Amino acid sequence: MSTTAIWLPTLITKTPQEGFELAISLSRMGVKSTQPDVEILKKLRPVYSESADGLTAASQVIAINYQTIAAANKYWR
Amino acid sequence: MSTTAIWLPTLITKTPQEGFELAISLSRMGVKSTQPDVEILKKLRPVYSESADGLTAASQVIAINYQTIAAANKYWR
Amino acid sequence: MSTTAIWLPTLITKTPQEGFELAISLSRMGVKSTQPDVEILKKLRPVYSESADGLTAASQVIAINYQTIAAANKYWR
Amino acid sequence: MSTTAIWLPTLITKTPQEGFELAISLSRMGVKSTQPDVEILKKLRPVYSESADGLTAASQVIAINYQTIAAANKYWR
Amino acid sequence: MSTTAIWLPTLITKTPQEGFELAISLSRMGVKSTQPDVEILKKLRPVYSESADGLTAASQVIAINYQTIAAANKYWR
Amino acid sequence: MSTTAIWLPTLITKTPQEGFELAISLSRMGVKSTQPDVEILKKLRPVYSESADGLTAASQVIAINYQTIAAANKYWR
């Protein structure tokens, strides 16, 4: 996988908020790794982003990734 | 992302209860990051807030975010 | 939020069992924070409490909150 | 809650297997706390115990509770 | 429960891969503890093992159990 | 299980990004362990990879496995 572009050089961020943004990115990369076709992703976006269940599920994945990033940053204490 | 307003300056809170309120905020930010359109969010709110499954799912996301915040605060011991 | 009643003064409990009861309370507060209308909550209660899936989902939220509380209490070792 | 019978005196078990059995008990207590009516629980049991999704969901709750119990026992190392 | 056969003597494994296999076993034991009837389990197997959602859910339970086992083994560092 | 090919020699990776790729692999192994038939897996792939809910669920399993791998690597600090 040495030819893959670097998109995740570090888990360290300056602030808790930037860490949250990174958690959002990780959640999206999890989706993209399963469905790399950007056209299909675009078509699916309204399906979950206008669905109450889909939005809660998306928020849950972000919360799980944020646990990892917050621990990596020792909670920015 | 330097132009984004600061909405999460710290994970540290004075009390366990304020930490729980922050967990609720994080859960909502997870939703908003996926669906920024406030009008759509308003329309969806009754869908999950009057659904038993939707409320349990929302409570689960809060519980996951609370794990992060409680650890950050060393459980307010 | 200084006007809110204090309902979570501490995560510390005397016994593992009281900790479990607190986990149940936190799970319910997660629901109430999303749907504060007590009448709607009363109507929804039979929906999930008489549904196999709903009960398993409720038990899962309690389990997640119990992880937090058990860690806070250093597992009552 | 001082009148409640003691059903969870400790999270410490002698072996990893007894810990797993305790995780099963905690998962059931999570269900019972939401639906205390034994008759309803008996009626619901076949619904999830003969459903593939229901069994996987039950196994997930046990897995989450087992994380707590295993940590409490320092993994029986 | 002293008459139960011992099926989980330890969480310690020699390699990360054996730990993953143990996580699979724990996930199955979680199912069996809820539905001990082997005939019913055999009937249900194709239901989830040929369902996309069922397979993702099974993989999630394994992932949660693997967290426990990996921590028990200090990540085989 | 000594005859099984080695596919997981270590949880240690050089970078956070390689760790994420390993989390994707673990998530797929969780699926394969439940459904070893490659033909069935191929048939199911479009079902979840073109479903909004299926993709979010897949991303969630990756997030859980990434927690394990990130901890194993002490977050590449």
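Each chain carries a letter (A, B, C, D, E and F) given by its place in the written order, and its residues are counted from 1.
As a convention for this text, contacts are C-beta pairs under 8 Å (C-beta built on N, C-alpha and C of every residue); 3 or more make two chains touch, one makes a residue touch a chain.
Given the structure is predicted, the values throughout are model-derived calculations rather than measurements.
Common neighbours of chain A and chain D under the contact definition above are absent.
Contact with chain E and chain F alike is made by no chain in this entry.
When chain centres are set by their Cα atoms, the one at the greatest distance from chain C is F. Of all residue numbers that take part in the contact between chain C and chain D, under half occur on both sides, making this a different-residue interface. In this assembly, the chain whose C-alpha centre lies farthest from chain B is E. In this assembly, the C-alpha centroid of chain B lies 27 Å from the C-alpha centroid of chain D. Look at where the CA atoms of chain B average out and do the same for chain C: the two points lie 16 Å apart.
The residues of chain B that reach two or more other chains are 48, 51, 53, 57-58, 60, 64, 67, 71, listed in rising order.
Because contacts link each chain to exactly two others and close back on themselves, their graph is best described as a ring. Taken in their complex, chain B has these residues touching chain A: 1, 4, 6-12, 26-31, 33-35, 40, 44-45, 47-48, 51, 53-54, 57-58, 60-61, 64-65, 67-68, 71-72.
Residue ranges of chain D in contact with chain E, taken from their complex: 15-18, 20-21, 24, 48-53, 55-60, 62-64, 66-67, 70-71, 75-77.
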